[in-house]
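In order of appearance the chains are A, B, C, D, E, F and G, and numbering begins at 1 in each one.
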Amino acid sequence: MTSKSPSDFLKNIIGKPVIVKLTSSIEYKGILACLDAYMNISLEQAEEWIEGQFKNKYADIFIRGNNVFYVTPQKKRNLQDL
Amino acid sequence: MTSKSPSDFLKNIIGKPVIVKLTSSIEYKGILACLDAYMNISLEQAEEWIEGQFKNKYADIFIRGNNVFYVTPQKKRNLQDL
Amino acid sequence: MTSKSPSDFLKNIIGKPVIVKLTSSIEYKGILACLDAYMNISLEQAEEWIEGQFKNKYADIFIRGNNVFYVTPQKKRNLQDL
Amino acid sequence: MTSKSPSDFLKNIIGKPVIVKLTSSIEYKGILACLDAYMNISLEQAEEWIEGQFKNKYADIFIRGNNVFYVTPQKKRNLQDL
Amino acid sequence: MTSKSPSDFLKNIIGKPVIVKLTSSIEYKGILACLDAYMNISLEQAEEWIEGQFKNKYADIFIRGNNVFYVTPQKKRNLQDL
Amino acid sequence: MTSKSPSDFLKNIIGKPVIVKLTSSIEYKGILACLDAYMNISLEQAEEWIEGQFKNKYADIFIRGNNVFYVTPQKKRNLQDL
Amino acid sequence: MTSKSPSDFLKNIIGKPVIVKLTSSIEYKGILACLDAYMNISLEQAEEWIEGQFKNKYADIFIRGNNVFYVTPQKKRNLQDL
């Protein structure tokens, strides 16, 4: 995926499933709804994974940018049941 | 819930029950009264939960933005008694 | 208490008793004299509480904003004697 | 002491004895010579106190703002001898 | 490699294999797709290495700048299989 | 020493022996060559002291501002031999 | 070496061997290629030293500024072999 800047990279994957890893090694898997210049991120149909364990589901979640470690497209989504 | 930017996302849920999780894993559940660009948040009828334990009630509380980890709408509110 | 923004919320409680909780779980209870956009706070007739223990009294105290965790109105003030 | 803003509060006590507490629980007691918008502080005739123990004297000391926790007027000064 | 400024240095290695070391001693090895002034970095064909152990592969990954420790060109790429 | 602002205070001691204490309790004793608004400091004929032990000498050293804890004039300089 | 400001000090040593110490007590010894206002630093022929042990060599390395602790000219360079 060629993008001129990292924010282009992120805009290219809006509406797609992503994994958002936070500095505290917690992961959120969901549909990237939108994000802003501070890397604040809104996810839809989000799952919370802590140390590889599925923990929680959120219809919508707003994650504050300064905790974001990396964002990567999620190849295959197999949704979890609570 | 489709929003153009994360702050739109948050504006959409003003007046509604939310869960505000802080980086120190403390949660505040209350009505999202208002917030600003720094993610400073005012909650009304707020409950303080620490490691899953209900601890405290606040009629109004102002939470400084830089401690905010995520914000998510609260599905069902069952208010606690102190 | 309806306020358009968190700073309105705080302005509404100037001159009133508040609890200022800091990220280090120290609390200052006093009259909110004034504050600024960085959340620097001046309290009058302030009491210092550490882990629920009353520790100190200050006629005036200036608290630097970046240590502030939350601010909430104090329902009933029962002043401590040193 | 009524002041419109925290920095007015601090200007009111320039030239007076203060206690400057730092986030590392070290205290500096001295005459508040001057300070700036970043909370950088210059003290004169300063004493260094670590966990309640008098440690050091400085004719002049410049303390960088981001380590400042709070500033409060010092009621009575009883100067220490090294 | 002579460059007038560090960002020139980084622009010179866009499209080339690099090692991105993060403050948490995790390394990402991949093709430097793009980066911005905040040191936000997009890598393609990225490998995640933790304490010298290959852990994961990402077709594309966006790494937030404030966790970056250093970036250096990767001499020889021997791609890992998951 | 009366100065209108902390940076005046520091300018007054340029060319003089100072002690620069860092947040990590390491001290640098040397001649204050220059400094800037970010508290970046250049010292000449600098000595490195760690927990009261003389460790190292530097003809010139540039110390990044955000690690600076305090700066104070050094009364008497007794230079160490490596 | 007289310089009007710390950044002049650093510009004076571009092209010369330096030691860059990071807040995590890791040192990089190399030729200072260039640096910018954020203290981002590019080194050439760089060696990585961890707790006094030579660890690695990099033809070019970009080090992010916020991890820099100090920079000092390196008196004598005795290059290491991997």
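We adopt the following convention: a residue touches a chain if its C-beta (ideal position, glycine included) is under 8 Å from a C-beta of that chain, and two chains touch if they have at least 3 such contacts.
On a predicted model such as this, the values are computed, not experimentally measured, just so you know.
Listed by label, the chains touching subunit A and subunit F alike form an empty list. Subunit D and subunit E, compared by their mean Cα positions, are separated by 45 Å. The distance from the centre of subunit A to the centre of subunit G, with each centre set as the mean of the Cα atoms, comes to 36 Å.
Averaged C-alpha coordinates put the centre of subunit A at 20 Å from the centre of subunit B.
For subunit B, the set of residues that touch two or more other chains comprises 66. Starting at subunit F and stepping first to subunit G, the touching chains follow one another round the ring as F, G, E, A, B, C, D.
Every residue of subunit A that touches subunit B in the complex is listed here, in rising order: 22, 24, 33-36, 40-42, 44, 58-64, 66-67. The part of subunit B that touches subunit A in the complex is made up of residues 1-10, 13, 23, 39, 65-66, 68-73, 75.
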